[in-house]
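Heads up, the next two complexes both have chain A, just with different partners, chain B and then chain C.
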Partner chain A sequence: MGRYEGDPEWDDVAPIPQDDGEGALAQIAYTDEYAEAMSYLRAMMAAKEHSQRVLDLSEHIISMNAAHYTVWLYRAATLFALNADIEQELNWVKDIALENQKNYQIWHHRQLLIDHLYPTISSEPRALQQLAESEISFMTEMFNEDSKNYHVWSYRQYLVRKLNLFNEAELKSIETLLRSDVRNNSAWSHRFYVVFSDPKNTTPGSRATEHDPKIPDEIIDREIEFSKAATFEAPQNQSPWNYLRGVLRKGGRKLSSQECFASEFVKIPEDGEECIRSSHALDFLADVWAEEGKIEKADEALLLLGDKYDRIRKNYWEWRRGMVKEEGVRKGLE
Partner chain B sequence: MGEPKLDIERHIKYWQRCLKTVLPTQYTSTDSSRMLLGFFILSALDLLGAGADTFPAKDRKNIRDWILKCQHPYGGFCGSPNHRYPDAYYVDVGHGRQQMDPANLPATFFAILSLSFVGSLEQVKRDECLKWLKTLQRGDGSFGELITQEGIIEGGRDMRPCYLAAAVRWMLRGDTPLSDKEKGDDIDVEKLVDHIRAGQTYDGGVSESFQHETHAGYTCCAISALSIIRRLPQSTSQTNSGAPGLTNIPETIRWLVSRQVGYKEEEEEEDETEAKASAPPLLQGVYENEPLVPGLSLGDVDFVGFNGRCNKKVDTCYAYWVTASLDMLGHDKTKLLNTNGSRRFLLEQTQHRIGGFGKAPGNLPDIYHSYLGLATLAIMKEPGIKPLDSALCVSAQQKDIIGQLRNAALSR
Partner chain C sequence: MTFLVRGQKHRRKVVFERRAMAGSDASSSASKSVEDAVSGSSQNRQPHLAEPSSRLGDEVVDSVFRSQRVATMSATAARASMVPDLFTSPPHIRDLLNTQSSQIQEETIQECLPFLSGIEPGASYNDYGVPHLERKHHIQFLHKSLKKLPAPYVAADASRPWMFYWALAGLSALGEDISQYREPLISTVRPIQNVTGGFGGGNGQMSHLAPTYGIVLALAIIGGKEALDVIDRRAMWKWLGALKQPDGGFQVSVGGEEDIRGAYCAAVIITLLDLPLELPRDSPAWTNEGATLLTGLAEWIGRCQTFEGGFSGLPDAEAHGAYAFCGLACLCILGDPHVMIPKYIDVPRLISWLSARQYAPEGGFSGRTNKLVDGCYSHWVGGCWPLLEACLEGPSRPSVGESQSQAINLYSREGLIRYILCCCQDRTKRGGLRDKPSHSSDSYHTCYVLAGLSSAQHKWHFNPTETRIETSGNLASSYQWTCEPFVGDGHIYDEEDRVGTLHPVFVIPEGAAEKTRAYFVSKGGF
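Right, the complex of A and B next:
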């Protein structure tokens, strides 16, 4: 006898079993426990019952299939209908999240909970502060397991927006993560978001790939310096190189404004052997030189990349050589 | 070891096992995505030339019946029979039409594709499905995965539903220009393009949204959606209206080719682990396949794997997301990759001896990685596999069949 069938508390419920039919696709060896729980969930959803036993049942199903997309929604609706304790639910979700690192639904559920909780505390700065602190400490716990967990970072961005965390503390916490792993590209991306979507200093709706004239020069300078420092630490790390390009575009500045910096990692003497400490620096300089119309120099850099410093991308560098030459011809004809 | 090759027979056996035997209990966590698993199985067998057209008619009928059993009475499909109630529950008994467990966008995409392997699209509730699809679009152009009884659109705003919506629309509508009435019932394509454009971020790739980190999966979904609605450069000859879908294609290409990571075989890795242990702390987090100080690899590598984000580990599925993205930016663009190294990585490192592909070297095969490994080789024109249509992620031949089935269903 199943767990629910034998339980007097569920006596009044007629379960709705699944009908898979013959020759079904992708049949799964469901356990009897799962099949029974699902048939009771279907009965609950059909009756639109929102009760404590629905919470227990949904918890049971989530423990077996955390990716069930409607059980989470039904659980949230039940919690709200019962006026349940949201903080208690946040704690429960925390444990589930730590056990299911790859699950998406958990984070959506957590957002629903915060959205529900927020209006009840939005006028109390201390409560908001506490919420931000406890959420950030939970995310730190998640990052200790995997500092690049995509869902956690999505949630982080949601929280920054919701609780207006475009602040110094947020930048500092990113720096802490980058100090332990300067190649954490998720942290770099988050920094870009926190700096360049901060409503205080940016044009609303400005996209990641656009120049934003509203950003103060000091911020552009500060971010350039930040990426440079990280590059000196690990020149072959592509994250700060990408970041630098992004910052320059936001600031409406040319790549060539950083020619000197990139040249720190690239020495190509007239005669004798070159000294290259970063393929990304060479790539950057190739773009600088192409931008300045120095076609031969750009070509030489791309050739070095394909032949020696980044051979696995040989085909790509050859293609870039073709593009630079074409561009040169086009400019020459003008 | 001789010349690496795809062991076609073993792959067919692997997929036939997936088709014929019950999947182990561990797959319970994918119960809500059974339609996706079913699609992978049918399409893999098609790519390998052992598709549903070779099954006994009774098996085809059973599969067709099962898929149709997951169709929502008001349009769209559900992820598995566990999400579909008996018909009586949906009837309006004075409280409006009951959605029960609502139809789901990914399930709908995979169900329609799967049906195309086993017969016809005539029983797809086309008009209802297209009307439902329109209700999934939000004001900002993005799509959700489902809409609740209360009219709330649920699911992320990322590129996956954008792609799925574009593909479902194409499978049901095709490429012919719409009449004014049809336009009124159609999704807002301009807003969709705008939303996708907004997802491109500072390093050239596409992210869940512009606020987040670029990811090969999202980049591929964005490019696939644009390809299907003909907003990529090479398809401008067909439609010239509206803004192009990507803001900066050379930057996107740079980001895509940067996903290639040289991979060394295990015995060499051991040396590297030792070296890594004594490396200074500033190199913490360096992946073991990352070249050592000063960070440049001057030698040739035999194997080239792909990561999905900057500085992440290689994984079979990213070979697909990256290769397919480049293929859609122009068929010649896949030549920008190190196809030889990438082919060898798949065949010698993640191909499993029982057939299928694992996520990473040494891993057991699973349905998801096995399909995407195979599909990558199909784009690279591996002998013995049918050529792939990267936007729909089925054989080019199957794409044609979908067009024929659509026309047949429409002229019924």
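Right, the complex of A and C next:
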């Protein structure tokens, strides 16, 4: 006899077995325990019942299959219908998340919970701060397992927006992660978001790839210095190079404003062999030189990339050479 | 990658002994060290996939396998010389600073080198030092994936419809007849459809765009009136209206998350089923200014481009390969590639980021900056190239052989094909394709690695002059693609190893999307 079939609490429910269709493809041989629990969930959903026993049932199913979006969504609806204790739920979900690193649904569930909780505490600064601290410490635990977990980072962006965490503490916590792995591109991306979506200093709706005139110069300068310092640690790390380009674009500054810096990693003497410590520096300089109309120098850099320093991308570098020449011809005609 | 929910990855640690790094001048010593690594595991033609406790010391390996190595040495040396040193030696520039990212990157290079170098004992290679496609084993693997699955697959209970699509798309690419699945597919998906529109992950599950996308594509591949008539288009349209958000994007399920997968899946469904674009009155995006299912969608996609140039799953997150394909393919449904992509996207930044996804010596693509290569990005990243090439070339037609050299070619097809055939194939009896040599094959990777191979072996043209179906309806752009075999750089496989074509936007066999669309256009409204 199954767990629910013999339980008087469930006596009034007629379970709905799964209809898999005839000769179903990729049919899963469920355990009896899972099949029974799911048949009771189908009955609950059909009756639109939201009750404590639905919470117990969904907890049981999630323990067997945490990647079940229907169960999560129905559980959330039930929690809200019952006006259940959200903080207790947040704690319970923590453990599930730590056990299921790759799971999508948990993070959406958590957002629903925070959305629901937020209006009830939005006028209490202490409660908000406690919530932020506890969420961030939980994410730190998650990042100890996988510091590039896409779902956790997306949730982090949501939380920064929701709780207005565009602040020094958030930048510091990113720096801690970058100190342990300066190649953590997820942390770099998050920094870009925190700096360039901060409503205090930015134009609402400004796209990531466009100039935002509202950003103060000192912030642009600070971020340039931040990326440079990281580049010196490992010049072939592409993350800070991409970051630098992003910052310059946001600040509406020319790449050539950083020619000196990029030249630290690239020596191309008139005669004798060149010394290249970063292919990304060479890529950057190719754009600088194209920007300055130094077509031959740009072409030489792109050739070096395709022939020697980044050969797998030869076709791309060749395409860039074509673009630079075309641009040169166009400028020449003006 | 994390496009969808799957069971836990069964990553097994490869226990190659760490070697001293070979200098850039010494590809021969690199080959030597990778040969040692392989010979330590020659029993099963696989890297040694054991727990660290069973690690063999180099001495033991040497004494056990020395005789075999001597015997194969001359053949090996000859073969190694056919593989360009780009694929057998470490990158030219490497930083001294060691972090977790650089460490696992280094391990991945060491894991792949033996497979890339053409020196696996007992394996057969073509004239370019590339192994053949194990077509028969991969076909068997995919057939098996549609049979009854054991209890641990419960983790896939909510994503099972994907398996129908992965298997049918993969089998079609491999040239296998799939008509035997028509009846079972129809009876399998029928109880998964909800009367309120759309399909769930299984019977009684809420409708969700991902399984709905998988099922619509599977039905389109199988084709035929009976299969296509399973879909309740009117209910589907109502449900899509409920998912459409005022900011232009789509939720994946009612009350679920809004992301770029949702945008792509919704666009595919709307165009293939030729659904009306007007919004149902009860849609959360309904306005009295006449907003439609497509209002603001391209702008929403544009907001997903990040400062790096790639696409994130939703605005403000990190650029990721899977989302790049979703974003670009969605734009190519909404209009012509050379019009839509430059209108909403910074194309040079996107190409720069996408190009940086290809690594050497591995040859394959990674999904994000400073992450590892993974076979599935052969499609998610590799599949972006035909769309971007069409964006740059504008309308074009298949050439007759020689003039193909005029076409824009932005990545190393040779690198990708080497990674696929050398590193992604499980060449044991199990078959199937995989993330990288230390991972098990699965039907997800089998489908998307094959899709990447197909894309690398063909040249697509956006070719409005050769429109195959009547284009008077909405969203007709994606039915104007034509294809020819790719000649030139990267032709390092024998003709028998060419796989079938898959449509660059829908990723189903060429012709299936056109037929599906034509069927629903001919049916008219509901």
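By definition in this document, the second predicted complex is superposed on the first by the 334 of 334 C-alpha atoms of A that agree within 3 Å, B and C clash if a C-alpha of one lies under 4 Å from a C-alpha of the other, contacts with A are read in each partner's own complex, and residues count from 1 in each chain.
By definition in this document, a contact is a pair of C-beta atoms (placed from the backbone, for glycine too) under 8 Å apart; a residue touches a chain by one contact, two chains touch by 3 or more.
All figures in this text were calculated on a predicted structure; none of them were measured in a lab.
Aligning the shared chain A places chain B and chain C in steric conflict. Judged by the touch definition given at the top, the superposed model places A:154 against both chain B and chain C.
In the superposition on chain A, A:97 contacts neither chain B nor chain C. In the superposition on chain A, contact of A:243 is made with both chain B and chain C.
In the superposition on the C-alpha atoms of chain A, the part of chain A touched by chain B in one complex and by chain C in the other spans residues 16, 18-31, 34, 38, 42, 45, 64-65, 67-70, 73, 104, 108, 148, 150, 153-154, 157, 180-186, 188-190, 192-193, 197, 207-209, 233-239, 242-243, 245-246, 249-250, 276-279, 308-316, 319, 323.
Those residues of chain A whose C-beta lies close enough to touch chain C in the complex are 16, 18-31, 34, 38, 41-42, 45, 64-65, 67-70, 73-74, 76-77, 102-105, 108, 111-112, 147-148, 150-151, 153-154, 157, 180-186, 188-190, 192-193, 196-197, 207-209, 233-239, 242-243, 245-246, 249-250, 276-279, 308-316, 319, 323. Listed in rising order, the residues of chain B touching chain A in the complex are 18-19, 22-25, 27-35, 37-38, 41-42, 58-59, 62-63, 65-67, 69, 79, 81-83, 85-86, 89, 100-102, 104, 114, 145-146, 148, 154-156, 197-198, 200-203, 207-208, 210-215, 247-248, 250-251, 253-254, 257-258, 260, 262, 282-286, 291, 294-301, 304, 309-312, 335-338, 341.
Every residue of chain A that touches chain B in the complex is listed here, in rising order: 16, 18-31, 34, 38, 42, 45-46, 64-70, 73, 104, 108, 148, 150, 153-154, 157, 180-186, 188-190, 192-193, 197, 207-209, 233-239, 242-243, 245-246, 249-250, 276-279, 283, 308-316, 319, 323. The residues of chain C lying in touch with chain A in their complex are 2, 4-6, 8-9, 86, 92-97, 99-102, 145-151, 153-160, 163-164, 167, 181, 183-185, 187-191, 200-206, 208, 253, 255-257, 302-303, 305-309, 312-314, 316-320, 346, 348-349, 351-353, 355-356, 358-360, 363, 368-371, 408-412, 415, 489.
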